[in-house]
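Paired with chain B in one complex and with chain C in the other, chain A is shared by the two complexes that follow.
Showing the complex of A and B:
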């Protein structure tokens, strides 16, 4: 009664085997491709120069000729770590400001999925990086880990402010030159105007209307007013 | 840097005497590396100025009050000179104060630097205005606004006034309007805006005539 008809089952079994086999091949190929893709994703940030310098200082190679590798003083190492923390602050700020816009762009479908993946990877890497810096800091000076990012934050903010102030200062030099030229031209024009006025007044009283017309046509009327005011203040 | 241990090795060398780090000779260097190393060396030098028990920068607060006291003294002397109408001397005192404010160690609170610098810049702008040197005054006022945007109506007003004096009316109008956005209803600024508008109107009328 329970005699199985193997021959009759052959077809459905073969069907199952083909089906499962197709699924499996598809899934492995798909996964491999995806892994390759995410491995080839461009990193969000460029190379971390400060981190490279810090780690290079820790692994200084010996000079040619001498056996021992040069001793890097701890203060230099500490400075390098602080520089690294400052760069991390810049990156954190970038990530924070990009997050909102990035996710809303993704929701609207304006950017591709891979951009979001790159972003998330950058976020995770930053977390790791911060933890690493805190650990290094604590290893160098006990308790520094709690403070290093506060200091780095102030350093970054101070640097930004100084840069802006320097920009303004650089602009001033140009402004000054411009103003000197302009003041000279205003002065000559003003003097010319005065001369003309006096000459006309002497020559003929008939052309009074004309003189007024000429006056209003010259665009230098306001600047000359300004220079007058300035003279008054001096 | 997917791997925490991996890094690109940068060939570096250290000067045994000054402890300055520089790129190893005979290696290609980039400008980014050079500026970074310069920043690193500068930071290293400034770390040496730390007082004895500290190996690393202390937390930003509390601040050593010494520098702030000196700064205030300089500002007070500047104000005294200004009241005596010695404007050039006043500007000199303010400049000294500014130098002191801006050379504060980088890890001290930037908010404090802004607070101190904005007052000094604003005062120096006023002194320059009294001397009739508009471009300097305009730049100082702009720097003051840069250091502190809100609650700094005087600096907004001063740059606006300087631009008007230099005949840059369109620029002045834009600046004052922006100042009003930050300061809300500030009487001085509104009056200045009205004045600029009047002058612009005048100029336009003259051009059309």
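Showing the complex of A and C:
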């Protein structure tokens, strides 16, 4: 009964289609890009070498030709796990100390949002990693899971201390060399002074005038300098 | 009644509209342009320096280039267009005559005076109708008349006659100003008719959709992504992120320099094959044996390892060039030399970001390292090198002549405190300085603003004691005493006091006014102050002949806890001072006492807190002050007793101070440790007592540095 003017409606319909289409494309493209971005975020920590060593020890591939995979001694596996725990300790210290400052910097706008995302991902990864290490430790030796991180912590602290000590000790050779040189130069200076004095003594014997001249010159320079220094200090 | 919106057909209204629009847009842009093109650095005083090194021209051209970059071309273009449009519109307004809608006046039509009697009207009408009746009058070809014209003229005349004689018509005329009755009125829209005329509609729609569909989203988007791209410190966000990753608790100045090279800004500077060109040359130069340092670039072995561990690319080149810049190494290649001077300002802007990161961690070491790195970059000195190299013409050989084999570097102040003859004999000679160069170096040294702290103490405005959690003001009193100044006046004891403003003087409390010392009251000995409007004075721009930017030096005051190595009170930055640093000639120091104030919240427990106060200047090496200050926090009950005695209660004081604190963005202090020796016998211990303590601490601490 209504005579619909389809041709007249074409324009508004086209408008609606264009509008909705634009929004949909925009949102899908935007979301895809965001997902890609967050997937491509660089990891916070580099490759976990100790974990890789441990895992490859655990799953040794059989050599070519032989059926059985080589047997790795238990002690080696345990040592590898401990090394892995030590590395975890380093990482966890880094994360704990960075957390508060990272969030405050983010609030202030001094660092970007993606850093925070990376940080949170690293935090989650570390949690998983710790749980994994505890489980592995318990599988190797029952009850070891509770104390493995304590010993790892001590190892880490000891290592840090050792590094510092080594750094200081490495300095000694340089310092020694410098001191030898310094001592030598001081010595030569003293010798020179002594020589001069003796020479002066001889000169005195020869002519009095010259000696007087030298004597008046040296003290006059010092007091004036001292007084000026005093003035400058106030 | 018909209301009729007409577009501006005659074209006399729309110029007004366009003129107004152009005015609204152009005026702010013009202001922006004028403000920008005036060099902000020109208003600062400068150090008088004639020193020219081999690359002064390169540095100057880089400085100019930066200023030119600041001036935006589109702005100039927009302003010119705006003024041109406005000028044209004014011209249109002047030339286009507005159509005149004259009032219909029957007397004028009949050609009689307003006071004419009815008889006169009738006779005039008769005369005119005889003359102008279309039957009688003939169209005059000379006047280009037609029959129609004659007709209409006659109608007008009879209408005018009727208006003056006929009652109805007369009423119409009186009421509506027209003998025919009420006329429709029209409203004109000040837009040209063209935009609504047929066929132009699609262009208008196109314009609108471009404006709102493209331009607006583009502007909003570019603004939003622009803010996301840069961090609060003005560096690229990616650079800030990388710097955060580079932060280490044990970082030193060399480490900071290495960290700075991660900046994304360098990737943009060294695009494509620029990233590797000349890298090996730069590296061989900086890793050659140096005069004073094992390596010519002034980098330590650890820094060298870090450099060699890097993959070759923009970062490695930036780092190598930075070391070449710090070591002031000649690269024998104009391109490389220019790049060397170009990396320094970028690195300096990155130190600000690193500084903010170090501050978020609140560790003293990295914070100081970031300030020192900034000093080194501005003065082009490698870390831990002799501060004497800041003086013009001073080469490593000259510095070595001054310092000898000593491992402790002589500061500029120390060198300048020596008597003139002595220092002259040391540095003037063959392969060292000439007499002229020596004089220039000394004249520059005597202009360097070295802030010598005279006294530092704590106080709470309006109180005699510092009670827990109160708002404490750290007052630092110091004078700018350039190295080697002679006849420095004695410190006036009254200058060292900080008198609270009167309670009703809100301007002074809010820091809008300063007081000038006028004299001393003879009877009471109290100092008399005269208040005046605050006029902050900036010290001269940093004397940095190698740094390709103008930099206004800043001083940072902060408190640290030496036992824990943590920052207790974050830095307060001072770039301007309440008294002038130099006299009008820019050379003679005024030795005026400067007051630096920093407010923070006292710890919540009573006790003695010992802090190390750092006053760090970001532009000069070796001008820093480090001294111990003790904050004595008394029990709240003691202060209450005092109040009863004095009958002074001022609750508002606290609230105003609290508001001020909040406004200044003060941060509550973190340390909550309590000293063990908390004594209750401190009855005589008043504010002055602890000030005395501080003074003595000041003296002992500053003495060796002078």
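In the analysis below, the second predicted complex is superposed on the first by the 169 of 234 C-alpha atoms of A that agree within 3 Å, B and C clash if a C-alpha of one lies under 4 Å from a C-alpha of the other, contacts with A are read in each partner's own complex, and residues count from 1 in each chain.
Note that in this section contacts are C-beta pairs under 8 Å (C-beta built on N, C-alpha and C of every residue); 3 or more make two chains touch, one makes a residue touch a chain.
This one's a predicted model, so the numbers in the text were calculated from it and none came from an experiment.
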**Request:** Applying the touch criterion given at the start, work out whether A:35 contacts chain B, chain C, both or neither, answering first, second, both or neither.
**Result:** neither
**Request:** Check whether chain B or chain C contacts more residues of chain A in the superposed model.
**Result:** B
**Asked** For A:139, is the partner it touches chain B (first), chain C (second), both, or none of the two (neither)?
**Response** neither
**Item:** Touched partner set for A:182, first chain B, second chain C, both or neither
**Value:** both
**Request:** Return first, second, both or neither, reflecting whether A:97 touches chain B, chain C, both chains, or no partner chain.
**Result:** second
**Message:** Contacts for A:108 in the overlay, against chain B (first) and chain C (second): which applies, first, second, both or neither?
**Reply:** second
**Item:** Intersection of chain A interface sets (partners chain B, chain C)
**Value:** 178, 182, 221, 229, 233-234
**Request:** Mind listing the chain C positions that touch chain A in their complex?
**Result:** 228, 231-233, 237-238, 240-241, 244-245, 247, 249, 353, 356-357, 360-362, 404-405, 407, 416-419, 421-422, 484-491, 706
**In the complex with chain B, residue positions of chain A that touch it** = 43, 47-53, 55-57, 59-61, 63, 70, 72-76, 78-80, 82-83, 121, 125, 128-129, 132, 137, 140-141, 144, 147-148, 150-152, 154-155, 157-159, 161-162, 164-165, 168-169, 171-172, 175-176, 178-179, 182, 216-217, 219, 221-223, 226, 229-230, 233-234
**Request:** Please name which positions on chain B make contact with chain A in the complex.
**Result:** 1-2, 4, 7-14, 16, 19, 21, 32-33, 36-37, 39-40, 43-44, 47-48, 55-60, 102, 104, 106-110, 113-114, 117, 130, 132, 134-136, 138-139, 142-143, 146-147, 165-167, 199, 202-203, 206-207, 209
**Complete:** Within their complex, chain A touches chain C through residues 44, 97-98, 100-102, 104-105, 108-115, 178, 181-182, 185, 221, 224-225, 228-229, 231-234
